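The following blocks contain the structures, represented as structure tokens.
One chain, chain A, links the two complexes that follow: it is found with chain B in the first and with chain C in the second.
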Partner chain A sequence: MKYVLGIDAGSSYIKLVLIDEQQKTVARNIIKRGADIDASCRESYNTLLNTSPIDKNDINGIMATGYGRKQVTFCNEVITEITALSVGGFTVAPDVRTIIDIGGQDSKVIAVDTSGKVVDFVMNHKCSAGTGKFLEVTSASLGVTIEDLGRLSQAADTRLRLSSTCTVFAESEIVSYIARGVKKENIIKALHAAISGQIVGLFHQVNSVDDGKILLAGGVALNEGLVHELSGWLNREVLVPEYPQYTGAYGAAIYLQRKRKDRKTD
Partner chain B sequence: MASSKSILAKIFAEYYLSGAQARQEGRPIAYVTAFTPVEILRAMDVVCLFPESYAVVCSASNKSQEMIQASTMASFSQDLCSYSLISFGADHYPRPPYGGLPRPDMLIATNNQCGTTFLWFKLLSQKQNIPLFIIDYPAANPNQSATRPYIEEQYKELIKFVQKHTDRNINTQELNEQIICSRKACDLWLRLHELNKEVPPPLTATEIVDSLFPMLAAKGTPSACDFYEALIEEKQAIRNENSTDSLRLLWHGYPMWFLRKRFPDCFDDAFQVVLNDYTLWWNLDYPDEQGDMDALISAYSKTYLNRTLNHKIDWVDALARDYSVDGVICHANRSCRRALADIVPLRDRLHKKEIPSVIIESDMAHAGCYSGEQVKLRIESFRESLSI
Partner chain C sequence: METTQHIIARCKKLISQPEYRNEYLIRIKEKYLGIIGYFSNYIPEEIIAAAGFYPLRIIGCYEPSKPSPHSLYIPVCSFARDMYSAASSGGLSYLSQVVFPNSCDSMRVFAQMWEHAVNFPPACVLLHPINDNSNAIQYFAEVIERFAGKLHQDGGNLITQTRLKETIDTYNQTRRLLRRLYDIRKINDTFLAGSDAVALMTAGLIMARDEYNQILSQIVNQGPREIHKDRKLKRIMIMGPLMDNYGFLSKIEEFGGYIVYDNITNGSRYCDLDVEIEGNLYENIARRYLTSGPSPTLNSDKEISDQSFQALIDDLDLDGIIFINQKFCEPHVHKYLAEADILKQMNINVLMLEIEHGRVEVDERDMLRIESFLEIAGRS
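Our next item is the complex of A and B:
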């Protein structure tokens, strides 16, 4: 059996997915990105090899994607996140026509056609509002972990508004809410609404082929409070894959595997 | 025939020396906005200088960030147009390129391109006590006859204004010759662009953008025509042997003057910008065989940004087809609100025509507004989406 590895060298996390010839994930690993992206990827790769029964010699290809893709020195090829996410998202759910990814420093809305080809995409504006960084900074302000945001937001009982979606301005608004004794659960729900508003703006800019299903990728999709909020803003169901944070890495691996098959066919 | 390079160098040197020379000779100097009917002024022996073009030179000289920072010393908001900020910053910057522009005797502004420049000139006028004349162009529409007398009246007032401040009269013979030269330069400018309808295109987008200067500084003079004739001849003589299997792109909107190639460094022979529609904004509509005021009214009232939204979208859509492009890159230029308004409806139209497009955000002259990695990621992603 031969395997292919996909690496998503994101701005916050390094995600690795190893797939077999049937496109089945056989191992995965995620670590926080260090200052040296290549070293972080190697570390994650070694961990993946050490914790799975797969022999390194059976891995016959490595495709990197993500913000740090060009720093990964041991990969064979690179692709952008847009391609990786479209392939990964469409493979997971072929009836998906829109893939939303809320990454560490970029948010993307990608429209794909019935064959999974990218027909349009829109990315966030230059500021970090509407990205994972926004949640990271603001949750630190509230003294809660990102992992707790979803659970806490479910206990909100009032709808607040964060009038600004600039990360720095939002942070100062949060400080002001805290000073006024506002419940942190309500502030978190307002954060989710702010980020959802940004994403919906992008969603309406992208030219979709039809009203097919929407898939949310990226680690932020593990935040059930945000998924619920986004779904409400879009007034549509939002699908979340089992391992949303690996969608890009999985797509990168699938892409490389297909490319190699195509070459063989040629 | 002299080479295009040497003619361009001469035009550039003459333009930047013209201010000092005018001072020595006692000739009047005017600051003008990009689409001022300079033929009238030049036919009255007025030396025309373009602060917007000077901002471009400062940006291309890697001075934009420092000069814009200098503008904060005069309390200007950083949200203003970068051309104006660079210009304001030049007054507070120790060594501006070419020593800065000399103080003008008058300011002539128009609103046929930009809704901000006449306010910028108004401020200059108030602060430095310089006489200002503003030409108001109603938005262009198919029925030009309704607005023609209004614009003509303003041109007559402009002549009186210049006479009052310079004691110079208009030389109608000179005006006529200028207009004929301007029309010829526009025709040549269009021909130069049209060379890129060929596969592969003989010119890079950078070469075209860097050939724009004579359309401002020397329009209405034979030297602009000489330059474009020489350049066309040179390009026609070179057969481009590059691969024909490439993705052709239209760059919608302003280039990025602060970049070495004026565009992000993500293009190559297999993925190239064959047309930047911005440079064609200078192809003004001078009617054939006319050298009078009517020709000027036609040319300057139908500038690109003075057109209706539908007209602008139709025009870009037609260009995309004429130049057989595979995709369009839309530059959302922070500085230009008028140009920004086109982008979403343009993308909708292109989508209906199955022409893919992508938006990138930056600025025409402010290097501090350029996020290279983000822009490159969008362009590389776009390339992949076109290739796969």
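Our next item is the complex of A and C:
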């Protein structure tokens, strides 16, 4: 059996997915990114090899994607995260026509056609409004972990509104809410609403998204409170794959495998 | 004979190295009554040249970012801000006059600020119309004739019909050579990269016209005749206002794009039409400037949905179009919003990028946008 590895060198985390010839995931690993992207990827790769029964020699290709893809020195090829996410998302759910990724430093909305081909995409602009970084910074000022945000937001009983989606201004606003004794659950729900508003803005910039399902990729999709909020804002069901944070890495591996098959067929 | 590679390197230096450009212009200034700078394609350079002045299209200053000029109204486009910054720090001191177009709010604000805060060299606004019908052409011809009279007063040279004809002929020659360059690049993608072609075209707006026509003629005459289209390269058209940042364009090429054509101010829109040499020359100039285009600052009848544009798209065998707008350039944003839908209906992949005029570095996210776009762009 031969295997293909996909690496998603993201701005916050390094994600690795190893797939077999049937596109089944046989191993995965995730670590926080260090200052040296290549070293972080190697560390994750070694951990993956040490914790799975797969022999290194049976891995016949490595495809890197993500913001740090060009820093990965031991990969064979690179593709952009737009393509990787579309391939990963469409493979997981072929009836999906829109893939939303809320990443560490940017958010993307990708429209795909019935064959999974990207027909359009948009990304947020320079600031971190509407990204994972926004949640990271604001959760720190609330004194809660990012993993707890989803659960806590479900206990909200009032709808608050953050007047700014700028991370810096939102943080000041949160501090003033805390000073006024507002429940942190309500503040968290307001954070989710702020992000959802940003994503909806991007969503409507992409064409061909009227039909089909919407898939949310990236680690932020593990936050059930945000998924619920986003679904409400879009007035549509939002699918979350079993391992949303690996969608890009999985897509990169699938892409390489298909490319190699196509070459053989040629 | 200077090699093409050397010529292109010299053109790039003229664009991106203000000191080199300034030295060149100061040297050349001696031979003319003065250098008249202008900010738009609507300023008839033939008239300036025929009056004995040196017409200079002002482009980006490409100097390290300076603090924002506080006196400048914030939402003006980044081009106006960049120019204001250059002018207020003495970077355009070689000019003897500047001519502003009546093209958009940014330019009008910039002209007012120039009068109040820069004040040197003296400025005038050329009130070109925003329509291209026969009345507008007639009106603009009168504006141009008055402008010629003003230059006569300023410099003492009367613009005779013979002199104007000669100048028009020189400028028409540039346009014809540039159109030949486009024709060669359409059929052969090995001849000259898009970023190099844009550098060559932009340098023409700075260089002395006789010198420019001579190097352009040399390059065009060396152009291949055989067809070469690498199917691996994505054939891209760029659209937008002035785009003199050849370094940014080279990123498109780095990721596998071939900029086969453009619809930019300093590109095809500069050379698409000649000025007729028979009849009323002022009217001919007015007609040429108003009917060239289509420009977003003009209420032109020409639309992107025209069959001629569709035919151009087919002829170019395009994979996609990249709109490159200067930050806060409103006319071009509006143009993009209107045209993107039409282009998408034509099944053409479209990407919109907004860049800061005069900024050399390419934003990481723009690189991702370009790379992703080139991955998905293709003929369906």
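FYI, the second predicted complex is superposed on the first by the 264 of 266 C-alpha atoms of A that agree within 3 Å, B and C clash if a C-alpha of one lies under 4 Å from a C-alpha of the other, contacts with A are read in each partner's own complex, and residues count from 1 in each chain.
What we mean here is this: contacts are C-beta pairs under 8 Å (C-beta built on N, C-alpha and C of every residue); 3 or more make two chains touch, one makes a residue touch a chain.
From a predicted model like this one, the values you see are computed outputs, not experimental measurements.
Taken together through their common chain A, the two structures put chain B and chain C in a clash.
In the superposed pair of complexes, A:A39 makes contact with neither chain B nor chain C.
Shared-chain residue A:V240: touches no atom of chain B or chain C. By the touch criterion stated above, A:E81 is placed in contact with chain B and with chain C alike. Residue contacts after overlaying the shared chain place A:K117 against chain B and chain C alike.
In the superposition on chain A, A:D106 makes contact with both chain B and chain C.
Once the two complexes are laid over each other on the shared chain, residue contacts for A:I59 go to neither chain B nor chain C.
Common to the chain B and chain C interfaces on chain A are residues 67, 79-83, 106, 117-121, 123, 125-126, 207. Touching chain A in their complex are the following residues of chain B: 344, 347-348, 351, 356-359, 361, 369, 371, 373-374, 377-378, 380-382, 384-385, 388. The touching residues of chain A, counted against chain B in their complex, run 67, 79-83, 106, 117-123, 125-126, 205, 207. Remark: chain C residues 344, 363-365, 368-369, 371-372, 375-376 touch chain A in the complex. Per the touch definition, chain A reaches chain C in the complex via residues 67, 79-83, 106, 117-121, 123, 125-126, 207.
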